[in-house]
Amino acid sequence: MVDLSLVADISRGFLAPAFVFALLALALNVQWGHTGLFNAGIAGFFAMGAYIGAIFATAPEAPRIGVPGHAGLANLFPRAIPTDALVVLWVAAASAIAVGFLLRGSPRTRLGRRLRLLGFGLVFVAASGSVLRIVGVPTALVVGGLVAMLATGFAGLLIAIPTLRLRADYLAIGTLALSAIVTESIRNLESVTGGVFGITGLTRPWEFGSETYKTEAVYATFLGILVLVAFFLINRATRAPWGRVLRAIREDEDAALALGKNTYFHKVQAFVLGCALMGFAGVQYAVLLRALFPDPFVPSLTFGIVVMVIVGGSGSNLGVVVGALTLTFLEYFTVRAKDWFDLPTALADRIFFLRLILIGSLLVLLVVMRPRGLFPEPRKVTKRPRLLVRGV
Amino acid sequence: MASNPVLTVERLRKSFGGISAVDDCTLSVEAESVVGLIGPNGAGKTTLFNVIIGMYAPDAGRITFRGERIDGLPPYELVRRGLAKTFQIPREFQAMTVLENLLVCAVDPPGEGFASSLLGPRSVWTQEEELERRAHEVLSLVDLNHLADEPAANLSGGQKKLLELARTLIMDPSLVLLDEPVAGVNPVLSAKLLSLIQKLRSEGRTFFLIEHDMDVVFRHCDRVIVMHQGRVIAEGSPEVVRADPAVVESYLGG
Amino acid sequence: MVLQFLFNGLVQASVLVLGALGLSLVYGVRKFANFGHGEMLTLGAYLTLVFAASTRNLVGAALLAALAVAAVGVAQEFLVYARLEGRGPVAPLVASVGIALVLQNTIAAWWGPSIVSYGVRYPDNLLFLGGALSANAVRDLVPLAVGYSFAAAVLLYLKFAKLGKAMRATADNRDLARVSGVNTRLVDRVTWAIAGGVAAIAGVVVAVRSVTFQPITGATLLLPMFAAVIVGGIGSPSGAVVGSLLVGVSQSLFFFFSLLIGIDPRWQVAVPFALLVTVLLVRPRGLLGRAIGTEVRPLRIEVREMLRSIRRGLS
């Protein structure tokens, strides 16, 4: 008989956070692995997304003595995603595609292509919305996720515009600064974010009461599916000419520029998309934790993701997911090691720091020795993608 | 002045931190010709190319390409209009294969937009296959097709020079700026490359090349322009230029 | 009133100035942003604690610590950064992140994460100018004296000493310097030694001013130090000093105005960030920096081009 509490523990302590970090790693891989843009402020975008998601997904809590309370927007939304909205989306998608096809070959063929693209995009949105409705994800959470992505994408845009005209290290410093501001704001804007008291009362879309193993396993599975979808989409894009331009920029930006690529635009675009995904990951993290405090969003979180990407191999999407799983397992293991094994107290107390020393050393070692990481980029990367991706 | 210029440069100036690299430079390049640009080291030739392709904005002067004013435009605008440039020291994308180095140079392929790459219908990928076919063709022209899947870093110096040329060709340019296209390339390959240039010229393209090998210049160029200290000091047919005392002096005096 | 805050700003800047100077030197000579620089300050503060415990002499301990951290800096060059030559500015930056993690957590593992202190006895504040200015001999005047005098010493060294000039030449154009006979390897090591040494002193100054310190103390100053360096201008050590003054005084004045106007004064930590972003938008080279290598087109042109590309990119 499987130990159900172990299932719950592995889901909650290892798999679910690993999947969230995998999303972050995939995002950083687009920014850094493919385009060479080092984002030192992952924690900031992650936090922004988490708090926006939390604010949308919870009801407001009034301030009490000594506790500032926090804002909440959940009451503004119906529980289930409204079917009207979905119908509108499907109709819009279908019309866009239809009109797009009709315009083919006409003098407005360019517009036709854009409409078809818009249509396919809407199909994706409508399909996702429908699936989420069937599965039972609350509207507030979906809206929160979208707003989080927009907000973090916009924040990324704000920091990218001035810094990406310059060298890559300016972006690193700028994102470090942004991250500090975000975390500081979270602590200061107490009436909105709850400050150090945080936001509590986040519920999972699927709760199973006392059967915690079910709640945890189901959510972990959901996250796993999200990772698969994100992986599929990102892989498709990076194996296309889009990804090729990014890698050219990473290799030699001036050469890419001279050869006619709009490097600034591509860098900003890749960066903003990565930030949006980080915001999305943040929303999932808030729901995972059920209670959100400013504490986890520190630079060592950023650097943990950096290690995941570098272990996985710059440019290899599968590699960074494996890196995320591996490093989260390491964290899970070291925390459990205190309980499972009889460690001398000196070691046990310091295990947190020892893990970070290990990560730091690993980082230095990997940078010095193996710039391409453990999963080097496959030789010919731009291939027509198949549904079952092989040889990533 | 050329009668049907594809490129004109008028009183161009570009300095870096007080040092004038291009100084009151005026020249023109006739359509469907092969024009050589020579001059001692430091004459400003590569800088001129970099300004023409848009890597630097000029401090003063005008550049027109096919009748349109292009000075100050960024490279991606110019490549779209049919201009291309190679690097003096080859700058291949080392982590990519030879083929990928070519593929990435295609001008505005459909899959380059994020939305298209993600949601793009089959046409994105069919165009990719077409592009790949063209890339193989271009590689065959420069005799590199057998190395298509090799990492570009593994090529020899001369092969890298050929790759530089191949990359410009896939951009389907009307004017190609070649910065020392045959430096370091073995004579057999050199000859092949130069006859390729002549063939492409007859198909309607124009070549403006910087070269130090006088033999190459005088045998393959219709006209020669000589630069010294940032400005044009002589121009004309190879024979005329060769005999010009000012030219000889510039090389000796440096 | 304003005078007090101006003064506070100057003191705050003196805390930043040595750290920013070291950061600027490494940035100029080694050409990368050292994300581990904050840890050199922390290390300096903690080593001083160790040495002071045995020698009972804070000043001597601080100088010893400076030597030790200088050695750590040079060791970093030997072990890590020398091997990253020619790989652009991001590789050593990432490596410095790793080194920061190692240093900070080694300190935390050894001394524990909670706050420590030198146990200095702080005298009462002195009053100047008829009460308009209040200053503490130890908390304010020591940082002022130490910070600016060491900064002046470093700047003078750079200007007049043979190695100092060599450092400037290497920062300016490494290849040219090497060809002209400068021993660039030696310059690298001396740069790290000086950067490490003054960072350690900066760490002690921080510790003295803030009374307590902990493993993350140096890291919390990393952002203001970067702001100071970038505002002042990368590649300009005097720029680092000017930048520190600007950051320190601006932050203090903001605090003052926030109290007047009624904004939450805790937002003062955003001031370095705001200055940083403003400089990057308007004048990326900073106040005293040299023009940055690659051409930077005016921002509005970039944004306009980008909007055009978005329209195209959507198709």
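Annotations
Per-chain residue numbering starts at 1, and chain names A, B and C are given in the order in which the chains are listed.
By our rule, contacts are C-beta pairs under 8 Å (C-beta built on N, C-alpha and C of every residue); 3 or more make two chains touch, one makes a residue touch a chain.
In this text the structure is predicted, and so the values were computed from the model without any measurement.
Put simply, the chain closest to the centre of the protein, by Cα centroids, is A. Farthest chain from chain A, judged by C-alpha centroids: B.
Computed centre separation for the pair chain A/chain C is 32 angstrom, with centres defined by C-alpha atoms.
Mean C-alpha position of chain A lies 42 Å from that of chain B.
Along chain B, residues 55, 74, 112-116 each make contact with two or more other chains.
Contact of a single residue of chain C with at least two other chains is seen at positions 297, 305, 313-315. Multi-chain contact residues, meaning those touching two or more other chains, occur in chain A at positions 117, 254, 262, 269. Put simply, chain A touches chain C in their complex at residues 36, 38, 40, 110, 113-114, 117, 159, 161-163, 165-170, 172-174, 176-178, 180-181, 184, 187-188, 254, 262, 264-265, 268-269, 299-300, 303, 306, 310, 350, 353-354, 356-357, 359-365, 367-368, 371. Partner chain A is touched in their complex by these residues of chain B: 50, 53, 55, 74-76, 78-80, 84-85, 87, 91, 93-97, 99-100, 103-107, 109-121, 124-125, 128-129, 149, 151, 167, 171.
Only residues 116-117, 120-121, 124, 233, 236-237, 240-245, 247-248, 251-252, 254-262, 269, 273, 372, 377, 379-382, 384 of chain A touch chain B when the two sit together in their complex. The touching residues of chain C, when paired with chain A in their complex, are 32-33, 35, 80, 83-84, 87-91, 93-95, 97-106, 108-109, 113, 219, 222-223, 226-227, 230, 264, 266-267, 269-270, 272-273, 276-277, 280-281, 284, 292, 294, 296-297, 299, 302-303, 305-306, 309-310, 313-315.
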